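Contents: one structure, followed by commentary.
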């Protein structure tokens, strides 16, 4: 698989119709069901990048802004932002449409991380990704910082070693002080 | 609802059997399905605390350590750690058992946040919680710090205002320097 | 598997949220769906006792007292009461909570029987159980009587050989007559 | 609804294909899923008899003789045997076919009881049934005895008042003794 | 498998209860879910005819006359009309009952085609069918004409070679002209 | 809703992962499940065009070329080709990807017809569509011919009145004869 891999190679567009069993007693989409949609879209993106079986390694902070009602159409777009050895970060963006009211708005976005594995479930290296547009490059750069936060939250990195992440706190302070 | 609310009042024990449709092509539980289980357990905990309809507001960073195979038994335990106006933080702990091998191990834990709403979906205040044991008190205290991280990640708080959270970076540094 | 087995080793707590597809046209949980919940909880209890694959052998009489509405939380507790060669009797107790009204009541209970099998589906012996509390001992004793009723209803025992069971009719009569 | 009601008016034929999510780790149909199939067939029979919404009131003893493998075809036939005020007893017979081996055999049978209710869930009277064939008449007669066993098992009848049922024990004894 | 095969050997009766997740926002059964029911019934008919694994090869034009509401009972009857080498045409007839209103009416009918395959998925010959009644013979004859339309629509036959089908257009014209 | 409607306004991209319960005993996607996917994508396209609730009116001939295995990714693209009073024809194109083998191929295509309805289920007029590209115009023109075939197959048009459709038979003949 020596072919050079671009962000667009991993692009996934998914459309889901909110059905009764997906909703809570207010007839709104349950958060866990939305996470399920996001995981499937993101896993397919990761598989498109590495052409391997992938397993979900982590889910970053996700927040849900407002209720999504029964009968709404949920559109997801996901793509790999960067790979690290055997892992891939995938960005997922979600929009919600109410087709009878003809409205469409951004619902939320999230980053999921996947690990490529062989048939025995052991991690296996994945190809690097080549960001092309400015937006893709920004996601590619930001991936380092998000990865450090993940490592700290998982207890695998000491906060003072998180150079990329610390900058947020110090820089913000400096900026404000000056 | 003047009754004093304790952590144990919101305790939920949930047991799920991993079925074929919950698994990926390696016959392992898909991450999104696990998030779905966690969301349902956590939502019931939040409902037990406030006796109101609740909606998922956010999901904190979750990481998945190892594959959970088809036929495994997943046990979830969830409880409210602290409430803030109309929102409640819920801690979810997950264990996995392979009953034919008689093994049981901690899989992961996570924090989900829920908002109590009225019949029109508008936020409504929830009662405070009274932590009793040392462990409950530790989760209660930590809730402030986790909340600041959530607010920063959602762009609702400036990093330099996150007093609770900054301590992690500064203190860690001081500790190491000294 | 020389470890001594107690009732508490097979204890399962399960929590289910009643979703739209679980309900009939009155928005009440369908009896068959409840039986499905009970079977899963009970099968996990039997598996915890014998650490083998188990198959449902029989379901004793179950009665449903009142409707359980959409959005209710169903809590099941199950445990092995006694084992016989390759079979285990499991008691399942069900409670229903309406969390917005803050009510919780016993819904029903039932006994399911499971057989432990090897990979080819052939019956295989299971360990005996050691009842500890008075309540556990009462279920252990009653298991003999319930087993005789099962054997008669399955046409595998002549009614006049059901010593344990006949006592119900004769004793009751004697008690009343005296 | 003055039309005279016959057993054939409530006849339901149902065919189910055993799918992966219906099976346990031996790839056999789970008992609880079978109960779910039986409940749906039986509920439709009861609805055909009374043209009302019905709710499951009780399930009689069911035993499962042998494993039913993934991909099998399960055929159910159900019909009302007798009605009592607001309740109806439904007999369900189940066959299993392995279409690639061209085998078909009786799996099991069971009796479920349903209650007809109005829109508020209150019991409402149902029409009597008119058994026509000898087989239908035998089921009609047996319904009395099965009902007494249900009432005893539910603690609603004293064993010594169960005239129909007691006969099983006494008569069997007499028959054997003579 | 030298046994002579009749239409009645492949007869399947299926009954489905329309559940919430099967319905659209008008609470009517979705067309795609109905197609799913039809495919399962028809596949079982084809399997009964050939005692082989079968795969759906094509679906003929299906039209849906009117909405089928939540809680309705859908009854399907399917049977093989004719076989061609490795393929079988199956006719499916669908009725809808509203049991609380005691109405039953024909909903629609359709023809699905299946191919029998071996364990590797390669086509394998199936036995001929022996129509017995006049109705069965009419479906048997019509199968040729429907097959030509399928071949044309799939681009596998030139319209001018479709002798059976062309008759519809020419004969109809002649009939009208005369 | 005076806005001019284009084909691109109704474009839907849907991605589905083939799960165990979607497959038959050969581990291939069942035809009926594929129809279900197609119906959902197409219904969303129709809703995007008319911003109304829509119901499936008919499904044109669909053929399935080869098996789609468990774990494959199915990609659907659908769009409205033409509207007629209250009905809309939607074209659905399906591709199948095996991501571990990095293959993608066209699976099949189909035309579904939907009717826009008001809250009582009565048909309601939909806006015309404005085809822009040559491909869109070709689908727009072909829609007339396909509609005549549908009307004939539904018995709502006499074959000799199907001017658009008859041309296929006559022209083909002429072409061959000349």
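Letters A, B, C, D, E and F mark the chains as written, and numbering starts fresh at 1 in each.
One rule holds in what follows: contacts are C-beta pairs under 8 Å (C-beta built on N, C-alpha and C of every residue); 3 or more make two chains touch, one makes a residue touch a chain.
As the structure is a computational prediction, the values presented were derived from the model and not from experiment.
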For the copies chain C and chain E, the interface residues, called same if over half of the numbers are used by both and different if under half, are different
Greatest Cα-centre separation from chain E belongs to chain B
Greatest centre-to-centre gap (Cα means) from chain A is with chain D
In whole angstrom, the CA-centroid distance of chain E from chain F equals 20
Distance between the CA centroids of chain D and chain F (whole Å) is 44
So chain C residues touching two or more other chains come to 20-21, 24-25, 40, 43, 53
The chain pairs that touch are A-B, A-C, A-E, A-F, B-C, B-D, B-F, C-D, C-E, D-E, D-F, E-F
Seen from chain E, its contact residues with chain D in the complex are 1, 12-15, 17, 40-41, 43-44, 47-48, 51-53, 73, 97, 99-102
Chain A residues touching chain C in their complex are 20-21, 23-25
Chain F partner, complex, touching residues on chain E are 24-26, 28, 30-33, 35-40, 43, 53, 55-64, 67, 112, 117, 119, 121, 149-150, 153-154, 158-160, 162, 166, 168-169, 172-173, 176
Per the touch rule above, chain F residues touching chain B in the complex are 19-21, 70-71
